[in-house]
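The structure under discussion appears below in the form of C-alpha cells.
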Amino acid sequence: MLGLNKKDTGLFIFVICVTALAPFIMNPFPADSAMAQFNAGYPDLMQRFVIFGIFAIGFNILFGLTGYLSFGHAAFLGAGSYAAVWMFKLLSYNIVPAIILSVIVAGLFSVIIGFISLRRSGIYFSILTLAFAQMSFAMAYSVLTPLTNGETGLQVYNDDPQWLKGNGPDATHFFGLEMRSTFDLDLGAWSFSFNVGYYFCAVLMLVAFYLSMRIFRSPFGLMLRAIKTNQTRLNYTGLNSRPYTLAAFVISGMYAGLAGGLMASMDPLAGAERMQWTASGEVVLMTILGGAGTLLGPLLGAGFIKYFENIFSKINESVLHGWFGFLPDGIENGLIWVIEHFVGSGWHLTLGLLFMLIVIFLPGGLMEGATRIRDRFSGDKTKKDTEGKYAPAGE
Amino acid sequence: MTLIKPTRRGVIQAGALAGAGIAMPTILTAESHAGYRNAPQGSTVTLGFNVPQSGPYADEGADELRAYELAVEHLNGGGDGGMMNTFTANGSKNALKGNGILGKKVEFVTGDTQTKSDAARASAKSMIEKDGAVMITGGSSSGVAIAVQGLCQEAGVIFMAGLTHSNDTTGKDKKANGFRHFFNGYMSAAALAPVLEKMYGKDRKAYHLTADYTWGWTQQESIAAATEAKGWETVKNVLTPLATTDFSSYVAPVLNSGADVLVLNHYGGNMVNSLTSAVQFGLRDKQVNGKNFEIVVPLYSRLMARGAGENVKGIFGSTNWHWSLQDEASKAFVKSFGTKYGFPPSQAAHTCYVQTLLYANAAETAGTFNPCGIAEALEGLQFDGMGNGATEYRADDHQCFKDVLVVKGKDNPTSEFDLLEVVEVTPREQVEYAPDHPMFAGGDLGQCNPGA
Amino acid sequence: MDAILLQILNGLDKGSAYALIALGLTLIFGTLGVVNFAHGALFMIGAFCAVTLQKILTISSVSIDPEKKDFLGNPMEVKTPYVESIFGEATGQLIINWSVPLAILFAIPVMLAVGYIMERGLIKHFYKRPHADQILVTFGLAIVIQEIVKHYYGANPIPTPAPDALRGSFDFGVLLGFDPNAVIYPLWRLVYFAFSALVIGAVFAFLQFTTFGMVVRAGMADRETVGLLGINIDRRFTLTFGIAAAVAGLAGVMYTPINSPNYHMGMDFLVLSFVVVVVGGMGSLPGAVLAGFLLGILESFAAMNEVKSFFEAIYLPSIDQIIIYLVAIIVLLTRPRGLMGRRGVMEE
Amino acid sequence: MGILEIQNVNKSFGGLKALQNVNLNIEEGTIHAIIGPNGAGKSTLLNCFVGKLVPDTGTVTFDGHSLLGKKPHEINQIGVSRVFQTPEIFSDLSVFENVMIPCFAKRDGAFELNALSRVQGQGDIRDKAEQMLIDVNMIDKRDMIASSMSRGDKRRLEMAMCLAQDPKLLLLDEPTAGMARADTNNTIERLVPTTQSSCWPKFRTSGISPWL
C-alpha cells in the first residue's frame, strides 16, 4: 500500500491507529483517581508528543542514516517558529501560510548552515553546527530583539497589522477551524479530550512519518546509509557524498522548521530558548534514546522525554501524600522522602538515571527494548530482521 | 478558550463509538455552563503554582513554593493565619473566612518553569488543561512572566505574577487577565535615585553594566533616567551577554573610564558574578575624581546576594520587601513562615504569598471565580496590612503601587539571613508614574477573557 | 595600551580555566576515545570539594546566647567551629580562611577516586560503543551528579572566598612601568593563572618524562598496537582518566573564589570546553592548551568597548556574544582538524 | 595513444621522493602488473590515478580527460574503478545492497535525489546486481551483512562492486591476497573475460599472485 512493503504498511497502520486513538491511550486512568497524575491525554502534551515526534523523525533522517551528528538543529526549529509567528503578526491567524513559510525559512537556513558545516565531518561537523546554533540563540536573545522580541519571545499583539485577518478568529486556526477547540468526552469516571490542534499535528506527523519511511526505503536512503558505513568507498564508487548529506541535512532542517511552525501554530509564541544548545541536545537524546536509525525510535524517544518533563515534574509532595495516605505515618513519610527526590523538582534526576540505564542495558535504545519484548513473546530469538532495522546509533 | 460545545448528535455518536467497549457509559460534557474556563466543580478549587524548580533560580522557586503552601494552609483555615489577620481591603477587613475560597477547599498543582518561556507555558497549559487550574501564579523572571501572562489571557484564567521586575510586564506586555504585585525597574530607579544623591552627591559619573536582554535594558533605561535627573552623568552603558560567567573583561576597563560609580543592571547569577568581579578588581578601595568609587545594584535579591558573600557589604539597591520590616503584617508573615520552615521568607516568597491572598480575597468579594469578576474586584483595590503599607492595584495597568525599600548590604550581619538593612522606605507618591509614561507605553490591556 | 594589557591578563585567566578543562577532556578523547559529557561535572565536583571542605571546617558546636535574638525573636544560637575550639581561635580562623588552597589537598584524592570509580564503573564499558551512546550515558551521569549536588547544596551560588592575604588587588602595571592604578589586577586571579600554568606544566612533564607518560602517548597514537605489546594499557588508562578528573577538579577548586560555585557551573563550561578542544584539534594536548588561551584572550578583547564599536560599524553588533563560536567556525573552515589536530581522530 | 597516459609524474612527501619521472602508456584491452618491493611507490602511483593524491608535477590523462585535481567520484564516473588493498566495502549493509550502490552510480551519475522512489522497484538495478552476485558466486550470501563475511569474501564483494560498473580501467591492489586457493581461481576466472575490455589489474606483492 502507498508504495510500502507489507511490513512497513503494517507499521504505518499501527502508527496511524495509535495516533488516532491517542486521546484514549494517553488517559488510561479515571480522571479523579490518584493515578490520574500519570494521564498525559491533555491537548498541550499530546500536541508536544507529535510535534517533537516530527522534529525527531527529521533529525533521524540526518543522524540515523548518515551518522552526521548535528548539535544545532534547534536553530531550525526556532527559525521556523519565528517565521510562523511573523506570519500571524502580518497576515492572520491562519496557520497554513505560517507553516509553509516556517518550512521554507528553516530550509533556506539549513542550506546555508549545512553547506558550510558539511565541509567537515565527525565531531568537527558537530561543533560547527553547534556554533551556528549558539550564535543564532545569542543574537535572537539580544541583538535581534526587534525581530525576535528577545527574552520575552515573539508574540502577537492587538496592534499588529494582520492584513488578511478581517473577521477571522482571534486564535490560530485552519481555515476557521480553531486549533484550541477541544471536544471533551466523559465516559463514566474517564475523561478524554479530542483537540483539533492535536489532530492537525497528528496528520502532519503521519505525513512526515510516511515520507521518512519512503526515504528510508529509497535509493537515496540507501546512499545515506552507505555514507554512514563507508564514505570513502562511496566516493570511489563514483558517488558524490556532499549533495547527499546536504540534501539529508536540508530535509531534516525542514522537518525541524515544520515542527517549529506547528509549535507556534498551537501556541503563538516563539522564545529564543528554543534555539539553545540544550534544545538541540534534547532532540539528539530523543533520537538516541528511542533508537537512532530505526523508523519508530525517534517517536518513542520524543514521547518518553516529553512525558517525563511534563508529568514527573508536576508530582509534588502533596500529590505523594495523596497516593500514600493509606499507609501508616512513619512508612508514608519515609516512602515520600525517598520518592520526593525523583519527582517534582527532582525530575531531572530520574531522567538522568533513565538515560544511563537505557543506554547501558539497551544499546539500541527503546526500540531494542521493544524488539526484545516482541522476541520474548514470539519465542523466536534467532530471527534477524535486516529489512526493517538497521544498525543502531553509529559514529 | 472557546470549546466546541458538543452537539447532541456528536455526543451520541461518540458515545456509540466508545460504548462498544464500556457498557452503558454515562455521558457528560466536561464544561459546566458557568460561563468561564475551569469553573471549580465539587468542593475544591485548584490553583496552579508555576515556579522554577530547575535552573539557576531553583532556590527562589522553592521559596515561592513554600510561600504558596503557607498561603493555601492559611486560606484553608490552618496555621496561625499569617497576614490574613492584618490584611485590610478598601478600608475594611478582608473577606477571607479561613474556609478555603468561596467555601471551596483550596488545592494546588505545581510545575517547573525551568526559567524558559516555552517550558513555563507548557507547564501552565498542563495546569489549565489537565488539572483545571483556575488561576496561575509564580515565576522568577520577566520573560517567563510575560509569556505565561499572555497564555493566561488567551486561555481565560487569571495570572498573578510572581517575581518579575521588567517594566514591560505591566507596560507594553500588560494583559487584562494579568496582575503584578511586585515592583518594577522604573520604581526601583525612582526610589534609589534620591538616596544615591543623598549618599554620593549630585556630581557623579556612572558606568553601567547591563544584562543584554529586555529586563536589563528597561532597568538600565530607568535607572539612567532617574539618576540623570539628579545631576549624574552616564559615562557609558556596556551590554553583557546573558551567558557571561566571568565579568572580568567588562569590569577591568571601568576604573580608567573616568566613572566613579558602577551600576550593575544584573540579576541572579549574573549579579553575583559581576559584583564579585567588581570587588575583586578593588574598585571599592579606589578613589576617582576625588571621590570614593561606589557600586550600585539596583535590584537586590537576598537569596542571591548570599552567593556574593561579603561583597555586598555597603552596596545600595532596592527590594520589594524585606523580612526585617517591623510593621505588624510583615512580623506576622515572618512569624508564620519562619515557624513553619525555620528561616525567614524572601521577597519572592512574600510577593507570591500576597498575590495568593489577594486573589482569594478578590474571589470572595466578587462571589465568583470568573476571571472577569476577579479582575473587576482587583482593579483599583486599595489594600493594606500586607507588609508594604497602603497599596493600590491600579486599574489602568494592573500594577501595584506601594512604598519601595532602598536597602544596603549590611556591614555586620548577625546571621546568615541578615544581609540587607533597610535604609529608606520610599513613599509611594515618589515612585508613581502615569499609565502612559513613555517607558510603559505601547501596550494594550485588552478585554478580560473568561475563556468560555 | 594598559587596557590591552588588562584584557590580555583577563584572557590568560579565562584561558587557564578553559585550558585545564579542555586538557582533561582531550586526554580522555585521545587515550580512551570517549566523548565525556560529564567532564563539566568533574569541574563542578572539584569546586564543591572546596565548598565541602569549608563546610567541614566550619562544623560548629552550638550554644544559646540569650542576649541576641534571631529573626523570630527567640534566643539566638551561637556557633563556634570545632576547628576554633581545637586549635584556638586565631589558628582556627586562619585554617578556615585558607580553606580554598587547603582544598587542593582534599580534592586530589577525591577527584582521583571519582575518576577511578567513573572509569571502572561506567566508562570502561563504553570504549567499544558508538560515540552517540557515550554522549548519552555521560550526559545522563552529568545530570545525576548535578542533581545530587543541587540536593545537598541548593541551587544558589555559595561564596567561597580566597584567603584574606590573597584577596586584594595588585598594581600589576607598576611592575611594567605604567602609571600607578593603570593596571590593577586581582591577586587571586594571578594566583589562578600561575597555578594553572603549574598544573599544565606538570601534566606535560609527566607525559613527557615518565614511562607511564610514554605509554599513554603511545596509546594516544595507536591504541591497538600498544595493547599488543603486552602492556597493561587498561590500568594505565584508568589512571589517565583519574588524572584528567583531577586536573578538572583542581581547576574547579581554584576557580571558586573567582565565581561562587553553583550546581550548574559544569554545564555552563561544558559546551565551551568542547569548542576549545575541537578548535585545538581532537587528541592534541598542546592544541587544547593553545586554543584555551587563544579563545580566552579573544573573548576578553571582544568585550572591549573599542572592539565592540568597531564591529558594530561593520554590522556585527554584540561581537562578544558570538566571538567564541565565530572563531570556532573560522578555525574549523580554514584548518580542517583544528589548530593542531591529528588526521583521523573523531572524524567519522 | 593509450587510454591511460602518465607523463613525468613526480611526487614527494617531505624529503622522500616516492615517484620520480614516471612515464606510462597503457593501451586499451591490456593487463598490466606493477611489481616492486615494499615502499617502492606502487600505492602512491595508484593514488595519483584515483584522485587520492595529486602529483607535484606531470600529467595523468585518461581517455582524453586530465585526472589532475579531479575528485575521486568524478574519476570513477569517467570509468576508473579501484579495489583496495584492505577491503573497502559498506560493512553495515547487506551484500546485495553493496552491489546495488555501484549499479546506481553507473545509472544515475554522481548524485540523484531519488528520495521517493523505492529500492524495491528498481528492477534493472536489482537484476544487474543479482547477475553480478551470480557471476562472483556469492548469490547465496546476498542477504548477509557484509561485515560478517570472511576477508576473502569481502574482497570478492569489492571486486564485484567494481565490476558492476563496467569500468574502462580496473585497478586492483593485491586482489587475491588472503583468499582461499579456490576463491583465487574463481576470481581469476571472473577477471579474465573482463579484460577483453580495458582492465588493468595491479598486483603489489610478487610471489603470491598467480599472475606473475
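Lettered A, B, C and D in written order, each chain numbered from 1.
In this text, a contact is a pair of C-beta atoms (placed from the backbone, for glycine too) under 8 Å apart; a residue touches a chain by one contact, two chains touch by 3 or more.
In this text the structure is predicted, and so the values were computed from the model without any measurement.
Enquirer: When you check each chain against chain A and chain B, which touch both of them?
Expert: Chains touching both chain A and chain B: C.
Enquirer: Suppose every chain is reduced to the average of its Cα atoms; which one is closest to the average of all protein Cα atoms?
Expert: Central by C-alpha mean position: chain A.
Enquirer: CA centre of chain B versus CA centre of chain D: separation in Å?
Expert: Chain B and chain D have C-alpha centres separated by 71 Å.
Enquirer: Between chain B and chain C, tell me the centre distance in angstrom, where each centre is the average of that chain's C-alpha atoms.
Expert: The answer is 35 Å.
Enquirer: How many angstrom lie between the CA centroids of chain C and chain D, rounded to a whole number?
Expert: 51
Enquirer: So which bits of chain A are touching at least two other chains?
Expert: In chain A, residues 138, 142, 348, 394 touch at least two other chains, as defined above.
Enquirer: Among the residues of chain C, which are close enough to touch at least two other chains?
Expert: Within chain C, residues 318, 321 contact more than one other chain.
Enquirer: Pairs of chains that touch, anyone?
Expert: Final set of chain pairs in contact is A-B, A-C, A-D, B-C.
Enquirer: Which of the residues in chain B end up touching chain C in this complex?
Expert: The touching residues are 55-59, 62, 212, 236, 238-241, 243, 245-246, 248-250, 252-253, 255-256, 269, 272-273, 276-277, 280-282, 285-286, 303-304, 306-311, 323-324, 334-335, 338-339, 343-344, 414-415, 417-418.
Enquirer: Under the touch definition given earlier, write down the residues of chain C that touch chain B in their complex.
Expert: Those residues of chain C that touch chain B are 2-3, 6-7, 9-11, 13-14, 17, 68, 70-72, 76, 150, 154-159, 161, 167-169, 181-182, 184-186, 188-189, 258-260, 262, 264-265, 268-269, 299-300, 303-305, 308, 318, 320-321.
Enquirer: Can you name the residues of chain D that touch chain A in the complex?
Expert: For chain D paired with chain A, touching residues are 50, 71-73, 76-77, 81-82, 84, 88-94, 97, 100-102, 104-106, 108-122, 125, 143, 145, 161, 165.
Enquirer: With touch defined as at the start, can you tell me which chain B residues reach chain A in the complex?
Expert: It is residues 1-4, 6, 10-11, 14-15, 18, 22, 25-31, 53-54, 58, 61-62, 65, 69, 107-112, 116-119, 121-123, 125-127, 129-130, 141-143, 146-147, 150-151, 154, 168, 173, 212-215, 239, 241-243, 444, 446 of chain B that touch chain A.
Enquirer: Show which residues of chain A lie in contact with chain D when the two form their complex.
Expert: Listed in rising order, the residues are 3, 5, 211, 214-215, 217-223, 225-226, 228-230, 232-241, 243-244, 247, 251, 386, 390-391, 394.
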